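Note that chain A is present in both complexes that follow, paired respectively with chain B and with chain C.
Entry: the complex of A and B
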């Protein structure tokens, strides 16, 4: 398996397309950081206009932690496309190139080949997220410094102590990884059915867009299916930034307000990952290669 | 000495929905054979080859290679097979050397630099080893495909339409390579083609397909050895000759026209009678020549009679 995985990773990282995603992430984050560096104060005063009229805010709101939160909110909507570019190409791209038939005439088990392909796209996804973490969190911390994390929620404000933030980001990125791996496994699953990568890429994005719309629309008929849509659970990483308070309404350091929400969402995403990837692997074992 | 059956196929069928791509196919290939699959496009050659390589699952039937059941010994069997299926598609963004190294690993071979360069040398690509495949011509890709097929020194080599898209020199090179593999290296080769002269020149045994079914199997010699002779007829007025033949007792002997020429099949003893009849009807015979080509035989058993008596424009 390790030998197969090395071959698949070698193929992924020999293709220029792979680096496009990393370049796109770098450019997107760079643009956000530059914008906030130049005009960040105006942005924060606009966002907090209602709040600052009643309260005096001390400290550096526009810090690295805050920038990373903004970046995560913006990027996790677009990263699925970059993931689909590679994951949706894993089987269909080889079918299109004609290399799939050559690959499967070699004395290797189909299960090992397809599992290695899936694991390679998992590694690619994780590397992309690590790159987002490096650029979005560490570079932002370097440029903007650190302080307490000040977040405006819909009906309340959250201030996370500087010393209590970093582990929350670690948890948020781990959860985001699970959310993005759901996209990876969906794209990989769809890749099984096509002989060029455009179809599965478009199909993956279409499913995510439709499910996201269904997840956000507050219509009773859709509310029934919402809990089962993986897109409803992809944004649960934000739960890491809500904490419990004590009787004096003070934040309990190291706590999460609704940990059960995170566990439930993570479980549903995990079921989707296993379902999509497992089905693709099972189907691939009996697939007739006609390309 | 009894030659060992390398490939043994029994009652193999493959259906895609309502379409029967391969219908109750049985054949065997002996060690050292150059076994030709011959048939028109869509006859079932590629589907049969893909079933031999486990790319397609048969609907029914049994395949045995090297004495093992393909279903239960897939990995062991594929270790002894090298194949080029239709187009020699490889990773275009990798170099010839990188492609060969990658597939050598997948074939279970330790890809030493010497081994890889020797293979590239053999197919004439050593000087392009480090160039990406996207800069290669079709012929070069085909040669790289063959190097990949041979890198693990397989006993059985399967080449599906290996000369597709090649220029005459490329076709000749592939033909020579097959003969070297068979005669010098004692490999068993299965080669499919819709080009009759290609198969005729290299195959020791031939299987002719049509519409998914085996029509006939044998050596080229056996296939030629028919009771009747196929003749090419040329006269001073072929239109008049055709009209006469269609209305005469020879009408049933007429074959589909090939390259605008009248073709007639009859017993050798009838040749003087035909000549006499034509002359008696004021048709001067310029040529009445036996044809000994697999093409005639192939067209005879696969083509309908719909072309009889029509000239090519």
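Entry: the complex of A and C
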């Protein structure tokens, strides 16, 4: 399977569209960083307008940690498209080119072949996330420096001590990996049903857009189904940036406000990954290959 | 005859009352002046401390701060790294400008006990119409000439309270601990901006609901009358 995985990775990284995704991320992050470097004060004064009418905030709010948070908030909504471009093409692309039957003539089990394909798209997704971490976190830290992380939630403010931030990003990126792998496995699963890659790419994005809209709308009837939508759990990475306070309202450094929420969301996403990928592998084993 | 006599008695009583009120006001002015004279011993100071912000909708770690003061009312609070949040209007409030320098009337408002210390309540009313401070109430420890507590009502920034506890720098009138409390106005951001889809923060908010905002500064050391450059306050 290792040999086949290498072949699949070779196929992925031979395609220009793979690099298009990395270029798109570089450009997007670059644009955000440039915008905040030039006019970041305007942005923060807009977001903090209500808060600063009563409080004076002193310190370097626009630091690398804050920029990375803004980037993650904006990008993790759009990255699924870049993931779907590759993952949704894994099986349907072969079917479209008519190479699927040829591929299955190899002296390897179908399970090994399709698992290698899935693992290759997982590696692509993780590399994309690592690239986001490099560009979004490390480059932002280089450009903007570091300080405490000042975050405005919808009804309260969290200031995370500088020394307490980095491990939270490590956790957030690990969680984001789970969220993005859910998209990968969904796109991979849909790829099984199509003879060309456009269909599963559009289908993946449509599902994510519809689910995200349903997750965002605060309407009672949608609130019932929200916990069952995987998109509601994809944003739980933010929970890493909220900590507990004791009875005297003193911050407990190194704590997480709702660790159980992270565990629950991570489990739900993991179940989705196993469900989508497992079903795709099972179905592929019995697929009648005609193309 | 009887009618005229009772009129005279009433007049005398009224005169005595107003005279005693004037003398009390003078006493209060003298007390305030004594406290002011004690504080005037300090031309400038630099102090290190720990600051804790306790506001319902702010989760902030305890940070270390450096405070600079120079006569008559230059004050700067600087956090040693990190981001600090302080209520507007209260930022420049310090023991040095709790007492209005001139143009006020001091009225005796009785006594009160702060902690275990019996204090004299003095209300300071500014005589001018355009002062930022509308009314200031000081709780003064008469024996040691220390301000134990103050309640200040301002035109723009609401009412805030300062409570002080003293230690080894009491001879200069400088506190070891300052508790600054104020009315904190709630704020809200649209969930569309924060991309939060649920209400899990409600429990956190409810926990602190109805509480006043508080900033607590515990001073660990003072450097008094060593001179501070004006550039520090820029």
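What we mean here is this: the second predicted complex is superposed on the first by the 291 of 291 C-alpha atoms of A that agree within 3 Å, B and C clash if a C-alpha of one lies under 4 Å from a C-alpha of the other, contacts with A are read in each partner's own complex, and residues count from 1 in each chain.
One rule holds for everything that comes next: contacts are C-beta pairs under 8 Å (C-beta built on N, C-alpha and C of every residue); 3 or more make two chains touch, one makes a residue touch a chain.
Small disclaimer: the values here were computed from a predicted structure and weren't measured.
Aligning the two structures on chain A places chain B and chain C next to each other without any clash.
In the superposition on chain A, A:47 makes contact with chain C only, not with chain B. When the two structures are aligned on the shared chain, A:225 is found in touch with neither chain B nor chain C.
The partner of chain A that touches more of its residues, comparing chain B with chain C, is C. In the superposed model, A:3 lies in contact with chain B only, and not with chain C.
Legend: residue contacts after superposition of the two complexes on their common chain; A:153 is shown touching chain C, with no touch to chain B.
For the overlaid pair of complexes, the smallest distance between C-alpha atoms of chain B and those of chain C rounds to 41 Å. Overlaid on A, the two complexes show chain B and chain C touching no common residue of chain A.
Contacts from chain B toward chain A in the complex involve residues 50, 53-57, 74-79, 81, 83, 85-87, 89-94, 98, 102-103, 105-108, 145, 148. Contacts from chain A toward chain B in the complex involve residues 3, 7, 10-11, 14-16, 97-99, 101-109, 286, 288-290.
Chain C contributes residues 52, 54-62, 78-79, 81-88, 91, 184-198, 200-202, 204-205, 208 to its touches with chain A in the complex. Across the complex, chain C is touched by residues 47, 50-51, 53-61, 73, 147-148, 150, 152-162, 164, 215-216, 218, 226, 232, 235, 238, 242-243, 245, 248-251, 253, 257-258, 261 of chain A.
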